[in-house]
């Protein structure tokens, strides 16, 4: 069995990790931490766990967690907080899967610009592996520190990676219009997350300044092996879970949909969690909710010079905790889909 | 024109007052107050008002408000806060319509028990008129301090008042099962109001201890002219606006639905905002949303010994701000429906 | 492996059966039927199944289904349709788990009154076992025809059974106010199920005439060993899944909450899927969504003479398909929780 | 008073017309028609109107409607149906405001391609005026047949018109990613509109083939005085009302946001219902719901070569019935905002 700790167990990604790992045949949850007024059972915070996991959430103290003989630490902590803890678990030989952004950006200056704080552990950035298995499975196999991708980047990068990898993308900006459910904003008291402000409402936000922009750029540049020209706009829509990403990609030359579908199916043929839809079908959020799949559909502009790629993921699964478990499976040589739906 | 001030303009009831009064032909909004980090235009807080009302929300300072030559003050303030301000406006001869609970309960000890704080202006309780026009229109006409009813009490009292007034109610407990949308909880940051906690969820809450229980009891007792036996359970359901109240009332003797409908229609025949439905129809929340109506439908148990009364209101209109304007209309001798839908 | 057929696979309960059984370690799905314009893969109807179950949904022809060497047939068919098929599978020695109401009511006349059609297979009613494992596990073990309970009856009966069984209930009517999400109404085109009619709306419906009333009465009468006096009112609320049931039960004599909780915990101590909450906690729908649990919380009226019992279930799981699989597990001597969460 | 008939009163746009016109000081509703099994009062179909408008909805028979001495006919009928009735009212000298698409497209062949039916009254296309007051107020003043714009075209055209009119748009495709609430799909029984299929879901649909594409193209081409290159993608999101449109427009040369805002404010300075937001603010759907406003916000890509224009409208108001009344006001020389919020 793989013994795991979940740090930050009372957020939405923490809860999703618990849900997944409780059904994982090779994992034992050994420690939970959370910032609470006083220690409480996870099942008191989330009564759905009552009788299934009644473990107490402790304050996060590294030595206390280490005592539980854990193998893997999932850090479901806020940005800038993960940073402090990851090195301390790594130095004790633990595998760290960090769901925050702290080790995703290779350039610490960009991190500091978008996240507004100094990066105090730059030396760990080099060993960090970006945990998008569809692109980096081999590197993940040997990783000790996995920077689990952001939710928007997962949906965006998977949507356009094949076009960039095959060098089909023209000079137009890649325009990505993404729409997210509300759990992506975290489980915390905030007026703008009040049901009364979200239901029957929708908005674009952080246009041009969203912290996932440099992450998407880093990955797209890496695939394209050059600097891509990205315009990314996130939107908040009134549902709990799910991201629908609509990417508009200008092509070097005209093509047709079946050709693109073949390309995508081929590109993702080793990727158990990517479903490329057949001609005429586009994914909906409900196709992937509560699962670790990314579903992708493809259409073309009438002049066949723009691909419209639609991807759907569950932001808490493939966009966070599901992907984190997928990464753990890869590190441990398990079947990638173990414990995941 | 009636010059009004709205104190607490940035809550849901404050906003609803602004919306209504902007379309009221006899009212001029002269002052807005709110607790903000710094003074801001109401249209910055609620962009829907941009270009329609760009007045600045000031901090609440009584003398500043009085300078605006106001006639009526609407207090859309939290419980325990209204209490401090109402007397000061009253003492200057203003009409005060208080949307909080501070002057609703005639017995200050009960207030203190349910609201957890001393009542520091008990002497004003006597002049306070409970602002439910369907029962107390005459008293409201001459009132200077109107205690605008709570949302649950409005839906509950209107549902069962005719049965009590006509002395038809038997010995069984009156069971009221009420379901409310989320704006009833106020516009404030709180985890339990997060979209992720409310959508696809529902719950009973504050069973037996909800602060509206003594208010409903006071009113039902007053109508019945004796102590009624009430069991009231509120529920939170995932919609923004609306309360559906299902009241189960044991009857002294069997009756039939058409007879009850006639009774209700007769009881409310002077009440412009109560709609009693015909046999076979029950109200839905969408019948009253964005309006000041209370819709009431009536059914009977198979043995005809229990009436099942269903009422629907919009908690921000008839349950708060619409009713407040209705009360103002009555005080000023306007047609009760002026400016209301 | 248990070979199963799901008849009516394209409804909400059919889809939920597929979801559950795909993860069941002892089950192989061998046949799917649906009423479609032409045979289609289940994964075309529900793209979430794409790549996970691409089996074709055939028209329901008994002999065709039998060819697949099935052991168990789940009938997720409309009322009045199941009736025609159950006997034909039973006569071939198959275990039939019927999610419709067709074999739930022991008295065919009551069936005919509430479901508006003749019962043409009354002789099969005798061998039918009501599939509520918390009450009838022993009978279910040997059953060939299981009448899987309705969603409202499951939530209602589990809420009040212990009080009736222990003879604590007084003479007042048992009042059950139930609130259901929309999938309970089935997956079909109907104006009243339109998102525009359901969102931001809520209503009571079928008051006094809902077809689940006689089913609840039958079960409560059976537990009480006499005729109980029930008043059941269903409500439609804007969420997809979940039923919250608030039951108001007059007691023979006053009691206290801890005593009732002990009683409930004892009553359900063999019931893996019932969670009785501790004093001060009441269940929410989100505690049970996507699981087969029924969560129960208990409060008392101030005079301690009325119990307020709140139960929460997922209408598609414990209220339908999860319970059906639970029943299958019991019939086959598996651990009751196998394949269920 | 202007006497009006509303044909198709039981759809969402018909109901919205009734709501608006009941509060319009210069209008009397004289006739309602609907396709019903038998004539019924509008207040039976929509209980919110009970006591406010109890007029019977008749079957649509032109001569019957004409008997009511009407001045204006609002046709809130399905596409291809309006076409048959508009000419018959026009020929009798009535003003016709058609909310369908039947007289919007000047080229009947394009109509036939996108709406799948012959256009049988092409000769009326010439006199039809496209009812977007922000662009065509002068023509609307003298119009007898007004083709009220589609919901998506209203939000899209208003978002990009100033850039095209000022010839600032470069060669890149204009990419419009629009997200709509569900009432835009009409009030009718359809599985894909079921709450269970819409809530917690979202999707792109009719990519490249949506019937509003040629309408948007016609208008943008007209403003640009040349053929624009448009890529329009509609999305369905889980809310009742509202369209958020995100337009990505490549510019001929770099600019800055304040300059664009000045341009937009200047372009719309005569337009009472367009609000251009200040720098740093983008509109949300809740800013315009239940109003006839179109709110517009502007951002730029980091390289300042792409404008990101976000517009928000209420699809039933500015996207349909509100705009229809605005058009009527203009035809009758009333203040444009009469009766509208």
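All chains are identified by letter, namely A, B, C and D, in their written order; residue positions are counted from 1 within each chain.
The rule is simple: contacts are C-beta pairs under 8 Å (C-beta built on N, C-alpha and C of every residue); 3 or more make two chains touch, one makes a residue touch a chain.
Given the structure is predicted, the values throughout are model-derived calculations rather than measurements.
A.B. asks: From the centre of chain A, which other chain's Cα mean sits the farthest off?
C.D. replies: Most distant chain from chain A: B.
A.B. asks: I'd like to know which pair from A-B, B-D or A-D copies the C-D interface, where a copy means over half of the contact pairs are the same by residue number.
C.D. replies: Overlap exceeds half of the contact pairs only for A-B.
A.B. asks: Does B-C or A-C have more contacting C-beta pairs?
C.D. replies: Counting C-beta pairs in contact, B-C comes out ahead.
A.B. asks: Counting in whole Å, what is the centre-to-centre distance of chain A and chain C, each centre being its mean C-alpha position?
C.D. replies: Comparing mean C-alpha positions, chain C is 36 Å from chain A.
A.B. asks: With chain centres defined as C-alpha means, what is the inter-centre distance between chain A and chain B in Å?
C.D. replies: 45
A.B. asks: Compute the distance, rounded to whole Å, between the mean C-alpha positions of chain B and chain C.
C.D. replies: Here the centre of chain C sits 39 Å away from the centre of chain B.
A.B. asks: If a residue has to touch 2 or more other chains to count, which residues of chain D qualify?
C.D. replies: 197, 199-200, 238-240, 283-284, 286, 289 - these are the residues of chain D that touch more than one other chain.
A.B. asks: What does chain C use to touch chain A in their complex?
C.D. replies: 23, 47-48, 50-51, 199-200, 275, 277, 281, 283-284, 286-291, 293, 295, 341
A.B. asks: Over in the complex, which chain D residues touch chain C? Could you list them?
C.D. replies: On the chain D side, the touching residues are 12, 182-183, 187-191, 193-200, 238-240.
A.B. asks: Looking at the complex, which residues from chain C come into contact with chain B?
C.D. replies: 172-173, 175, 177, 179, 181, 197, 199-205, 207-208, 229, 231, 233, 235, 237-242, 244, 246, 248, 250, 282-286, 289, 297, 299-303, 306, 308, 310
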